[in-house]
Amino acid sequence: MTSKVVSLREAVARHVPDGASIALGCALEPAIPFAFAHELIRQRRMGLELIGPISDIAFDQLIGAGCVARVSAAWVGNVSAGLAHAYRRAMEQGVPRRIEVRDHSNFSIAQALLAGALGAPYLPTRTLLGSDIPRANGTFREATDPFSGERVLLIPAITPDVAVIAVQRADEDGNAHLWGPWGVTQEAALAAKSVLVLADEIVERAVIASDPNRTIVPGTKVTAVVRQPGACHPSPLQGRYRRDHEFFHEYHNATRSLAGFEAWIAEWVTGVADRDAYLRKLGARWEALRESGKPAFEVRF
Amino acid sequence: MVAQAAREIRDGERVFVGLRLPLIAFVVAKRTHAPNAVGLFELGVVRDAPAAELLYTMGDNPNVAGAVWCARTIDLMGLLQRGDVDAGFIGGAEVDVHGNLNTTAIGSDRTHPTVQLPGSGGGADIASLAHRLIVIMPHDKRRLRASVDFITSPGHGTGGDWRARVGLPRGGPSVLITTLGVFRFVDGSAVLDSYHPGASVDRIREATGWSLRVAPTVRETDAPSEEVLAIIRQYDPHGFWTRRGE
Amino acid sequence: MTSKVVSLREAVARHVPDGASIALGCALEPAIPFAFAHELIRQRRMGLELIGPISDIAFDQLIGAGCVARVSAAWVGNVSAGLAHAYRRAMEQGVPRRIEVRDHSNFSIAQALLAGALGAPYLPTRTLLGSDIPRANGTFREATDPFSGERVLLIPAITPDVAVIAVQRADEDGNAHLWGPWGVTQEAALAAKSVLVLADEIVERAVIASDPNRTIVPGTKVTAVVRQPGACHPSPLQGRYRRDHEFFHEYHNATRSLAGFEAWIAEWVTGVADRDAYLRKLGARWEALRESGKPAFEVRF
Amino acid sequence: MVAQAAREIRDGERVFVGLRLPLIAFVVAKRTHAPNAVGLFELGVVRDAPAAELLYTMGDNPNVAGAVWCARTIDLMGLLQRGDVDAGFIGGAEVDVHGNLNTTAIGSDRTHPTVQLPGSGGGADIASLAHRLIVIMPHDKRRLRASVDFITSPGHGTGGDWRARVGLPRGGPSVLITTLGVFRFVDGSAVLDSYHPGASVDRIREATGWSLRVAPTVRETDAPSEEVLAIIRQYDPHGFWTRRGE
């Protein structure tokens, strides 16, 4: 196999065109590939569709930076701090531009991606009946379950152009181990046309093959692998580093105004060359977040 | 509010916990009357022991370490849809007298909102599918409204058998706990059951956007025990979640 | 929590009534709980519905022993040796009794159990269109995908009364770690009304909680846990013991005739008190199958 | 037959391998012209290196140790239904001229069969959903029949655009490899492409239950190279799979 390892800059440049639909932040609060979102902003990607359940502030940053045309998500905010100011400005004032929103719940987005992963056209569900979300979303259909005669909502498959997933380790072919919560990561990766893996470390094939149940996506689905330590800060990565709660709260306070948002992006995104520079800028704060966790009890194959 | 929420968890129940106050309510319940309750977190985590330290999100590493199951959102949502989840907690920006919740947007036009809220997350799913929904809200006339601008999480709709009519398989809000009192739902409408120490029926009527119904048995909410207060202080010593007037 | 640990005899006696629908052998060729199938035969359970993808010879034994009224499966045979003689006798001659068959494919049974696990009424698929299986099965429906106008087959949910799963280790509450192929095990367990876990070893809660991604089913779904080393022989259990290929071939040769089948059951099932006695009877042959595998590379939580 | 099957695997392809001969064909292809082929096993295993020893079933421990992915059947079947699987192998008890396969039952009444066969397993799914289906059969007049008693795995139905008409998204048999020769499918019907060394068109006509069509370019099948024969002997030294006249 030829190695699929590229730099983060190359991964965005080669594999994410303007207008792409991107699944991102699919493990919910942890393992959000902020490094990738920031590189999208540095390379000024435009017209993106963002797909994901919660995203914490990654979607807010991309929306505020003007990269986004559409959001298909269950929740766009700042989990521990409150509302997402850039998302508010876009929706309430069209600043920096209007975006289209396809409202979801966590279950409906999970089912849409699962349908994509299964190659099924849709999944039938009882959730959201009576909610205004189906009307706002516009892509669902109500139907009758032909077996019981009861009402169901049909959630059509979502097949993102790109799924970006952050993991603890992967080999050069993209076989990737993720531990901790998976959220909708596996469904997003299997549903996507292309998968980009951000690995905290690149390991030998033998490490992956020693524990194939840990693999979240096989290399055969993966287009490119990026070695990027610390790719998820300020979100956590299980057994590697903790969530930087204060960073979320600082962002919340700093981005209340448009000028504040722009200053924040200039400081933390466009003002740093890459993720390594960002981690150096964090300095001791970053070091303090690192942890090594407790070992999983042995298994043998 | 936390103490009251904890009381709503019964021993042995499987509870969709959610974040913020419900998380502390789960800790309190586990350490007092419901030692066998199991907590389900929609990002894919099941715990039967609370995390060792204060959580800011359900995905914090300490909520995963020591879990008995760490899986996928769809697995947890499947349990919920199957009917394997006894109770769930959610809050919202607005709630109406039938327990319908809005966490999506304030304003009449979804595409041009007055205030863009974060959205459903898993709230609408818990409201749709749990056997029992426990709603937690700061009490404010702008939050307890006669009708909400957008039904993110379906409550009892317009009351009566509305949930069955729209196709929901079960559930609906059983209780609304606010910073001032506790409402129970009777035929799909909120009825004031108790007022917290320091509050009163009149003050609650004043702060409620719908025409208040009061249970004939209305009384003062039981004050939390010293034990419960101690657990809350121990878990959230700096009051990150509990000092926000909640 | 009270311990859910019971003996295999108690698990069958208390939790599997006559007429129950039982998902069994859900990891396909490995981890088939033969010990459980044999206890069903010893306790003369009748009128069972067997649900599973492949089952290797476990279903054949239960059918031949007269325990079965219906089979919902994709394949009933002897994977490395050929046809299943008892299944043939039941279908071709009604010996020892007629059984009903609901033909499936591996994908349709997987989807039926996934629908059950999701609480969805059915899943829509493109597989089996043009096959005679849907007509023979009788529970599927053809429909039109309202999004594309294309034909789909709707596979209704299956929710077994009991799922029996064999795993390497579980705690006393039933939180169970299975490594190696999962097949449809997790879907079956989550879809079932009751789950019975056969664990090669019972471990402390801390072992399970050290690696929660390894958990195939949480204790909250589990009714009873049985400590039963060697529960899967002659099928393999990853990292514990290998497949006893010869045993399958010997069974194939021994059970060609009804008398041969009855002799085989008398020798290996009703003629032994329990699984421990069965393993003692295997003796050195059993010891030779045991292996310890290679350790999975460390992960830390 | 194994050598010919191996030739049908192209380098870099994702192949649903199945058991028995296809497994050895995959080993041969990997070690010769298709080093980057990836093997998918429906119980939930993906390997890019063949197992270290002879397998009797896809679930044998050595097929799992060293795999790059060990997951669930539904994950592998999802890849198949999505169209991510290039080719799959299956065999059957009976095949007709359109490549429809019966592995369910011989006889006209499914509920009272003359011979009860094991059933589909994943065969019907591979036949329905893979981009290309490679069929392997012992050559026998009772097996290559004008029509089969039960279509377990759909081939080209009645020929022409039948697959599209019944709603199958793609695929169908591209080749039928028997112990005597190789058929290719033209407009959904089998046409003899080559006869193995020692066989002949006449002998094949004699042993085939349908009216034989022969390609104008029909020729003798290329004999397997010494390298290929050596790999087969090394992998299955006692001929467990390869000595059954296959």
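In order of appearance the chains are A, B, C and D, and numbering begins at 1 in each one.
What we mean here is this: a residue touches a chain if its C-beta (ideal position, glycine included) is under 8 Å from a C-beta of that chain, and two chains touch if they have at least 3 such contacts.
Bear in mind the structure is a predicted one, so any value in this text is a computation, not a measurement.
From subunit A, how many touching-chain steps at minimum until you land on subunit C?
1
For the interfaces C-D and B-C, which has the higher count of C-beta pairs in contact?
Between the chain pairs C-D and B-C, C-D carries more contacts.
What whole-number Å value describes the gap between the mean CA coordinates of subunit C and subunit D?
27
Taking each chain's centre as its mean C-alpha position, how far apart are subunit A and subunit D in Å?
40
Taking the mean of the CA coordinates per chain, how far is subunit B from subunit D in Å?
Taking the mean C-alpha position of each chain, the two centres sit 56 Å apart.
Provide the list of subunit B residues touching at least two other chains, using ranges where the numbers run on.
45, 61, 64-65, 70-71, 74, 77, 80-81, 129
Note the residues in subunit A that touch 2 or more other chains, in rising order.
Only 111, 118-120, 125-126, 150, 152, 179-180, 182, 186, 213, 238-239, 293-294, 301 qualify.
Go ahead and list every pair of chains that touch.
Applying the touch rule to all chain pairs gives A-B, A-C, A-D, B-C, C-D.
Under the touch definition given earlier, write down the residues of subunit B that touch subunit C in their complex.
It is residues 14, 36, 38, 45-46, 48, 61, 64-71, 74-75, 77-84, 129 of subunit B that touch subunit C.
Show me the residue ranges of subunit B that touch subunit A in the complex, using the header's touch definition.
19, 41-45, 56-61, 64-65, 70-74, 77, 80-81, 104-105, 110-125, 127-129, 150-154, 157, 162-163, 166-169
In the complex formed with subunit A, which residues of subunit C make contact?
Of all residues in subunit C, those touching subunit A are 111, 118-126, 141, 143, 145-148, 150, 152, 154, 156, 168, 177, 179-180, 182, 203, 206-207, 210-211, 213-214, 238-239, 292-301.
Contact residues on subunit A for subunit D in the complex?
Touching subunit D: residues 1, 116-120, 171, 173, 175, 186, 190-191, 205, 208-209, 212-213, 215, 217-221, 301 of subunit A.
Give every residue of subunit C touching subunit D within the complex, in rising order.
27-30, 53-54, 56, 73-77, 79-80, 83-84, 87-88, 90-92, 101, 103-108, 110-111, 114, 125-133, 136, 150-152, 179-187, 235-236, 238-239, 242-243, 245, 248, 291, 293-294
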